[in-house]
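Following are the structures in question.
Each of the next two complexes has chain A plus one other chain: chain B in the first, chain C in the second.
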Partner chain A sequence: MRYTEFTPFDLWLLAQGLGVTIGLFLVTSLIGLLLGALWGVIRFYRVPVLTQVITFIAEILKNSPVLVQLFLVFFGFPAFFKLNMTPVNAAIITLSLNTAAFVYVIAVSSIESIGRDQIEAARVFGLTRWQVLRHVIAPQALAFSIGPLTALLVNQLQVTSLISVIGVMDLSKIGANLNLRTLKPFIVWTAVGILYYLSAKLVATLGAKLEKRLRAHSAFRGL
Partner chain B sequence: MLKVDNVKKAFGQTTVLDGVNLTVNPGEVVSILGSSGSGKSTLIRCINGLEKLNAGRITVDDFDVSKPKELAEARKRSATVFQLFNLYPHMTALQNITLAPVEVLKRPKAEVEAEGRALLQSVGLGDRADAYPAQLSGGQRQRVGICRALAMKPRYLLLDEVTSALDPEMTAEVLDILAKLAKSGTTMVFVTHEIEFARQISNRIVFLEKGKLLVDLPTAEFFAADGGLAQPRVAQFLSKMRKD
Partner chain C sequence: MRLDLTILAPHLGFLAQGALLTAEVCALALIGSVILGMLVAIARTSQLKWLNGLAFAYVDLFRNIPFIVQLFFFYYGLPELGIYIDAFTTGVVALSIAGGAHASDVIRAGILAIDNGIIEAAEVSGLPRRVIFSKIVLPIALRTSVRPLGSVLINMILTSSILSTITLNELTGNAKIVASDTFRPFEVYVVLLVVYAALTYLVSIGITLLHRWLNRDMQEQVS
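On to the complex of A and B.
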């Protein structure tokens, strides 16, 4: 058997790569969602200084390439601050913060999309700012933001492929290794592409289902 | 007692309330008339604490609405019905009604729900408790709005042009309910353009003009030739409104 041929073990390698990709995607998405939502709440309360700091950080994260951010976290900061940084940690930090920045934007715009009149009504009936956020704003903002959030997460899933550059053994890195060994780029990258596609499709489907459930109250089904 | 004491309010350069004095005693129905832009809605928004006063004082049962700590207490004693209903669109009619009593008054949910259903029943919406606002007509929405206010068992009911967004048939639905409330002794501050209706249910009528309280008279006197009608601006306003 020549070394360029595929073996059953390659499938196992691909599965492992997919596991790393999905694992990192889930962890960074969860951190990103929580952090972005928290930033959104801080802005909702207009916490002085903190709000400006968050807006500034989010601006930088949104407007620079993820690959550059990744290099900065993996090579730049450790060199400057004399830290140890593993590829996985660098990947988690970078992708989480990047997701958080976009979640923050979505959170802010969906909070602002809720009609002032209902918020005023709730305040007049004596609900505190927190109660208004919890019972009036959050449920509607969530329903409103599921669409953009799903689109964001589908995109962030593809973005995880960048971390292969710093040596994380994710799906893309495994694909690159297999490609080097088998010299069959068409088959390897097709297989890798299909795996990404299926994962992304799964995220999109789950998002659509959730959106349908959260929007049960608006009977409008389009023109 | 609800007391508005020399209240002034301006938005930028525009003076909206210019030294308004008004006292509403428990059990009274006071209607506020005046042309658009006379400051009627702003007065309501000042009473329920949505606008900050530039000068003067508003107290609801001696709780000053300008003081954050007392405002919470003042808001428990009054409830507002809004011109555009301002219902929570993601909640059913019943949930709209029970939210504040449960969250603000900390009353048991089951009890509040039973009361909410009874309120809906009393305004003819017994079978729409689980409908969302989008599934209700304008008149039905406003009736839910009234139930939401009544569920707080307010000492003062503030009504801000509650029929302006409704057609005549739906207006009648809503006014019927308000007439019943007036009869049962609910204290109401009623901003309206429904002059005939105001005449029927009010103890007193107040006329606002360019942020000033021009007339404050018992209903019969307000419509008497030597009372409110002696004011040229009031006579003009009434004749115009009746022609429409």
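On to the complex of A and C.
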């Protein structure tokens, strides 16, 4: 027996898919932000070989399709390294690394946006390299990078839809299943699209709020 | 666990066929998205409120909904309207519409960056509005936005890998077939990753050269 009509349960399915999408988005964004920031710090310290390796990996990750990266992790790694890989694990690994590559670029440019004279002045005052990073560079770099980071995260939210291809039950996969069952593509994909759109708007709004807050010190106060 | 790339040798021709299809799709979609982007950019810089709002809605919508959802919307939805087109055409149309949203932002920025003095000079010379737009504003805007349009193209090359999900056998689609033929997914996808990265790198070099050549008379300002 096949239900070709929409049932109230479909709403629950969509909510579940949205939950999986947002959950994976939050987890991978967090890992990506931490990893990318760490790579940025490694570059700041100019660690000899590691810096070049990281730059190369970040270049490759930025300039290749996420879909191919997903296939490499999901189909390639188990065959080559003889390990088990669930779709969710593959999705988390790929999306985290991909986010990290873009965060790395933003981190590097926001660290470089701070004038050399500030760093030199702090060094002359006897601050260690770590103290300079922690108290002089980090607060300013964070305020500088929040705009690009928001744009990146809005983009990464849409990239999560690709994991449906390797079988993670996210919003797109639920949409595909509903589409196959009901054969009403217009309604299904419109609903899925609206959910994605609203989530993206939410991320963008939160980012804008945070940016306003972090930049409050330098905002124009009026005459 | 040995990386053996020689097993790919007999499949190189097949992969090259896929690469050719990718290039074809991207070239057509680039033309489509630049034309669409131009029209939308004109609408967004016009003084008609409703036209402006309509163009903004289009850009906002197609930038905030994942490409895979848009693609499935067209691929499954259009036949329901009685429009039967193959995967290739659907792919080109979907890429053009999504790329058009990005391209319109770039061209709009190019139009807004034009010095008011140039337009005033043209008005004083008695040129009609249509001529000012098509002979003065648009050429300058397109010329200065070659480089950002190049990153739209690179993004499009990466996004075109998603077309493999609607049975279009471009580079990624063919690689998937080779991977399941040879049982060597790791080698196939590693090579694919490098090929995509190299391809986009070459395109970006080409774009930079083209940009420099087109803007050779205003070298200092643009460089």
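By definition in this document, the second predicted complex is superposed on the first by the 217 of 223 C-alpha atoms of A that agree within 3 Å, B and C clash if a C-alpha of one lies under 4 Å from a C-alpha of the other, contacts with A are read in each partner's own complex, and residues count from 1 in each chain.
Here is the rule we go by: contacts are C-beta pairs under 8 Å (C-beta built on N, C-alpha and C of every residue); 3 or more make two chains touch, one makes a residue touch a chain.
Because the structure is a prediction, the values reported are computed rather than measured.
Steric overlap between chain B and chain C is absent once the structures are superposed on chain A; the two fit side by side. Ranking chain B and chain C by residues of chain A touched puts C first.
Legend: residue contacts after superposition of the two complexes on their common chain; A:T86 is shown touching neither chain B nor chain C. Of the two partner chains, neither chain B nor chain C is touched by A:Q52.
Residue contacts after overlaying the shared chain place A:F125 against chain B, while chain C stays out of touching range. After overlaying the two complexes on the shared chain, residue contacts for A:S113 are found with neither chain B nor chain C.
When both complexes are overlaid on chain A, the residue A:N179 reaches chain C alone and has no touch with chain B.
With the two structures brought together on chain A, the opening angle seen from the C-alpha centre of chain A toward chain B and chain C is 100°, to the nearest 10.
Contact with chain B, but none with chain C, is seen for A:P139 once the two complexes are overlaid on the shared chain.
Contacts of A:T205 after superposition on the shared chain: neither chain B nor chain C is touched.
Across the superposed structures, the minimum distance from chain B to chain C, using CA atoms, reads 27 Å.
Across the superposed pair, chain B and chain C touch chain A at no common residue. Note for the complex: chain A touches chain C at residues 59-60, 63-69, 71-72, 75-77, 79-82, 154, 158-162, 164-165, 172, 175-176, 179, 185-186, 189-190, 192-193, 196-197, 200-201.
By the touch criterion stated above, chain B contacts chain A in their complex at residues 48-50, 72, 75-76, 79-80, 82, 84, 86-91, 99-100, 103-104, 132, 134-135, 148, 152.
Those residues of chain C whose C-beta lies close enough to touch chain A in the complex are 1, 3, 61, 64-70, 72-73, 76-77, 80, 154, 158-159, 161-162, 164-165, 172, 175-176, 179, 183-190, 192-194, 196-197, 200-201.
Residue ranges on chain A touching chain B, taken from their complex, read 117-118, 120-127, 131, 135-136, 139-140, 143, 217-220.
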